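What follows is a set of structures for review.
Two complexes are shown next, each including subunit A; its partner changes from subunit B in the first to subunit C in the second.
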Partner chain A sequence: MKKQWLSIALGVVTAIGGFLDAGTVATAGEAGAKFGLGLIWAILAATLAVMLLVEMVGRFTAVSKKTYADAIREDFGFRFYLLPLTSELIAESLLLAAEIGGVAIALSLFTGIPWHTLFPFVALFIWILAWRAPFDLIENGPALLGLVTLSFLAGIVALGGIPAHLLPTLWHPNFQRGSVADYLYLVAAIIGSTISPYLLYFYSSGAREERWSRRSLVLNRVTAIVGMGFGSIGSMALLVLGAIVLQPLQISSNTLGELGLAMAKPFGITGSFLFASALFATCLGAALEVLLAVSYNIAQGFGWEWGENKKPVEAARFNLVMTIFLLIAAAIGLIGIDPLQLALFASTVIALFLPISLSPFLILMNDPQYLGNKTNGRFTNIAVICILLLAFLVALVSLPLEIITGGG
Partner chain B sequence: MWRKSGTWLGLMLLLSVLSGCNVTESTFARTASNAGSAFAAAATTLTYAHEDKITYAYAASSFVNFQSELSGTDQALTAQSAVDTRTLHHLLTLYKPAIQVINAPCLSGACNWRSQIEVLNRASQALLKAGNS
Partner chain C sequence: MIDPNDEIFSVRDILDSQLQTRDRRKIGRVADIEAETRADGSLKLTYLVVGPQALAGRVHPRLRAFLRFFLRDRFEHRIPLSEVTKFGPTLYLRGKAENYAVGQSERWIAEHILRWIPGNGL
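Our next item is the complex of A and B:
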C-alpha cells in the first residue's frame, strides 16, 4: 500500500515537472507579453483536454496491455496507421529540434557561449541519455528537475501578485490594431503545444514499460488529473509573468532569453538562473520524451522489439530508429532557426495534424474487446467528441494563420 | 475532387477574410513591431546587466540572439516600405546606431552603457510607433 502511494506521489510530481516544454514555454510567454491574461482560457481548455486524453490512453494500456500505436495498427490496419505515423514524424522532428535548441539556449544563458555552438553537443548528450539510461531515469530525472518551474509562481508573489489593472484582460484582451490573427494563431499554438500526441504515445509506452495492469488505474487517474492539472500551473504562471513584466516594457518575447527577464526582475541573478534551469530541465525532459515516443511508435507499429530498459542489442531496430530520428532533428536545428520560432511553428504543425492522431480514440476507447467493462462512459465520449471538434477547428485555421501572421 | 477544391476554397476564403478585415498587420507593420520589441528587450537586458540582475553570460547570450533577430531589418523595412520616404529615412537613421549597439553592447562598466540604452530606446519607440500606425 505504502509503495502504491509512493508511486502515485512520484507520478504526480513527474507530471507536474514534465508538463512544460519548449512549445508551452514559448506560447505561454508570448501570450502573456502580447495579450495579458487573455489567453489563460486556452491553456485551461487544452489542459482539460490533455487530462482526459492521458487518463484514457493510460486506462487503455493498463487494461488491454497494448500501447496506443499497437492498437491503431491492429484495429485500423497498417495503411491507416501510416497516417498518424507520418504526421508524427513531420511534427515531432520539428519539435525535437526546438527542444534540443531550448536546452542549448538554457546552457548558453548560463555560460554565454552561443547556442549554435552548443547545439551539436546537446544533441549528442541527449542521444547518450536515450541510448544508455533506464526508463525510470528518463521519465523521472528531468521531470523532478522541472519542478523548478514552480518558482514562476514565487515570482508572481514576489512581484506583489497580479495587478488589478490586468484582471479585465481575462475577458477583454489587449488587442492592438491588426492583432486578432496573432491572437487566434496563439490559441492554435497553445492547443497544439499542450495536446502534443507524443505525450500520449510516450505515456502509453511508459505504462507498458512499467507493466501497468488494472491495479494501476488509480495511479493512472491521479497522475492524469492531479499531475496534469497542477502541471499547467507552470504554464499559466509564465503567462502571468509575461503579462506583468514584459507587456509594460513592450517586449513581445520573440526569443527565449527575454522570458527570463521576467524572473530577473523580482529575484535578480537567482531569478534568471531559475528560469534557465527550468528551461534546461523542461526541454531536456521533452526532448527525451519526443525522441522515445517516435521510436516507440515506429517499433510498435512495425512489430519490432522495443523497450528502453532493454540493452540496445536486444532492441536494435528501436535504437537505430532513435538514432536516425535524432540525426534528422539535429539537421533541422543546425539550419539555425531560433528555437522559440521553431517551437511555435512545430506547435501549429502539431495542431494541423491533431485530428489524425486523436480520431482513433473514439473507436478504441469504446471497444470492449480491449477494455472489457472499462470502456468510456457517455460523459467521456461527449468530451472526446468535443476535443475532436476543437482539434478539427484548430487544424482548419492553423495553416492560414501561420501564413498570415508569419509565425506569430 | 470537389471536396478537395472545397477545402482549399474554404482556406482561401478564411485567409482573405482575416487579411481583409484588418485583423492582421501588414508585413511592414509586423517587421517594425518585432524590431521595436527586440530593441526594447535589448535595452532592458543591458539595464539589468548593469543593475546586476542578470550575469554577463546571460546578457552576452541574449545579445547573440538579438543579432540574429535584428540583422537585415533595414533591408526588410526598405523592401516592404508602406510609409513615406521621410518616415522610412527617420526609422533607418535610428536603426543604424541601434544595431551597432546590438553588435557591440557595452556589458562592462568601462564604456558609456547609459547612452547605448538611450539609443536602443529611441529606436524601439520609433519602430513600435511605426508598427502601430
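Our next item is the complex of A and C:
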C-alpha cells in the first residue's frame, strides 16, 4: 500500500512537471502577450479534455492490456490505421523539431551560443537518451526538473499579483495587439498543444512498460486528474505573466527567448535562468515523449518488438524507426524556422487532425470487448467530443488565415 | 454443424492480429490470409501471410500488383495456420522466432545496421 501511494505521488509530480512543452509555452506566452487573460478559458477547456483523455487511455491499457496503437490496428484494420499514423507523422515531426529547438534555445540562454549551433548537439543528446536510457528515467527525470515551471507562479506573486485592469480581459479580450484570426489561431494552438495525441500513445505504452493492471486504476485516475490539473497551473501562470509583463511592452513574443523577459522582470538574471531551466526541462521531456510515442506507434501498429527497457538489438526495428524519425525532425529544425513559430504551427495542425487521431479512441473506449464494465460514461463522451469539434473547427478557420497573413 | 464448445473466429478476427512466438517475441501482424477450396466444396484457411505486398493490397488491390512488380515476392512470407497454438487478438505460434521467416528483418537490422552504432547491446 505504501508503495502504491509512493507511485501515485511520483505520478502526480511527473504529470505536473511534464505538462508543459514547447507548444504550451509558446501558446501560453503568446496568448498572454497578445490578448491579456482572454484565452485562459481555452487552457481550462483543453485541460479538462486532457484530464479525461489521459484517464481514459490509462484505463484502456490497464484493463485491456493493449496499447492504443495495437487496438487501432486490430479493431479498425490496416487501411484505417494509416490515417492516424500519417497525421501523427506529419504533426509530430514538426512538433519534435520545435521541442529540440526549445532545448537548444534554453541552452543558448545559459551560454550565449546561438541556438542554431547547439541544435545538432541537442538532437544527438536526445537520441542517446532514447537509445539507451531506461523508461522510468525518461519519464521521471525531465518531469521532476520540470517542476521549476512552478516558479512562474512565484513570478506573478513577486509582481504583486494579477493587476485589476487585466481582469476584464478575461471575458473581453483586447484586440488591439492581435487580430481575430490570431485569436482563433491561438485557441486552436492552445487546445492542440495541450491534448497532443502523442500523449496518448506515450501514456498507453508507458502503462504497458510498467505492467499496469486493473489494480493501477486508482493510480491512473489520480495522476490524470490531479497531475494534469496542477500541471495546467504552469501554463496559466505563464499566460498571466505574459499579460502582465509582455503586453505593456508591446512585445508579441515572436521567439521563445523573448518569453523569458516575462520572468526577468520580477527576478532579474535569476528569472532568466529559471525560465531557461523550465524551458530546458519541459522541452527535453516532451522531445523524448514525442520521439518515443511515434516509434511506439509504428512498432505496435506493425507488430514489432518495442520497449525502452530492452537493448536496442532486441527491438531493432523499433530503434531504427526512432533513429530515422529523429533525423527527419532534426532536418526540419535545421531549416531554421524559429521554434516558437514552429510549435504554434505544429499545435494548430495537431488541432486540425484531432478528430482523425482521437475518434477511433472514443469508439474503443465504449467497447466492452476491451473494457468490460469500465467503458466510458456519457458525460465523458460528450465533453470530449465537444472539445475536439471546437478545436477542429477553429483550426480549420484559422490555419488558412494564418498562412495567408504570414503567421505571427 | 457448429459445436458450441468450439471457439469461433472470423477472418476479421485473425487479420491484423499480433504474431507472437514461443520465446515471447513479437514478429509481426497478419496482413492477409490464404485459403483453398477442398474437393467437397468447403473452404479451408491455410496460411497467414505477412509482407509489404499483402499490406499494400489491403489499401488497394492494384497497389499489391504494383509493389509485386518491384519487390518480386522477396519480402512476402507465409506461416501455416497449423503453427498457431492459441487464437485471439494475439496469435501464439508453436516455434521460436528464429524458426520463422517473418520478422527476420529484426535480426538483419540488428546485425547489419545497429552493429555499427555504439551502445547497441550486442
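Methods note: the second predicted complex is superposed on the first by the 396 of 408 C-alpha atoms of A that agree within 3 Å, B and C clash if a C-alpha of one lies under 4 Å from a C-alpha of the other, contacts with A are read in each partner's own complex, and residues count from 1 in each chain.
What we mean here is this: contacts are C-beta pairs under 8 Å (C-beta built on N, C-alpha and C of every residue); 3 or more make two chains touch, one makes a residue touch a chain.
Computed from a predicted model, the values in this text were never measured in an experiment.
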Fit-or-clash call for subunit B and subunit C when the two complexes are aligned on subunit A: fit
Looking at A:Gly257, would you say it contacts subunit B, subunit C, both, or neither? Reply first, second, both or neither. first
Spot which of subunit B and subunit C makes contact with more residues of subunit A, would you? B
For the overlay on chain A, what angle lies at subunit A between subunit B and subunit C, C-alpha centres, nearest 10°? 130
Once chain A of both complexes is superposed, is A:Lys265 in touch with subunit B (first), subunit C (second), both, or neither? first
For A:Phe110, is the partner it touches subunit B (first), subunit C (second), both, or none of the two (neither)? first
First, second, both or neither for A:Pro400, with subunit B first and subunit C second: first
If we overlay the two complexes on their shared chain A, which of subunit B and subunit C does A:Gly77 touch? Say first, second, both or neither. second
With both complexes superposed on chain A, which partner does A:Val313 reach: first (subunit B), second (subunit C), both or neither? second
Applying the touch criterion given at the start, work out whether A:His172 contacts subunit B, subunit C, both or neither, answering first, second, both or neither. neither
Tell me which partner A:Arg132 touches in the superposition: subunit B (first), subunit C (second), both or neither. second
With the two structures placed on a shared chain A, what shortest C-alpha distance in Å links subunit B and subunit C? 19
Return the residues of subunit A at which the contacts from subunit B and from subunit C coincide. none
Please output the residues of subunit C touching subunit A within their complex, sorted ascending. 15-19, 25-29, 31, 55, 58-59, 89, 103, 105-107, 109-110, 113-115, 117, 119-122
Parts of subunit A lying in touch with subunit C, wherever the complex brings them together: 66, 70, 73-74, 77-79, 82, 128, 131-132, 301-306, 311-317, 319-320, 323
In their shared complex, subunit A is touched by residues of subunit B numbered 10-11, 14-15, 18-19, 22-27, 29-30, 33-34, 36-38, 40-41, 44-45, 48, 52-58, 60-62, 64-66, 68-69, 124, 128, 132
So, in the complex, the side of subunit A touching subunit B is made of residues 105, 108-115, 176-182, 184, 249-258, 260-261, 264-265, 268-269, 271-272, 276, 336, 338, 396-397, 399-401, 403-406
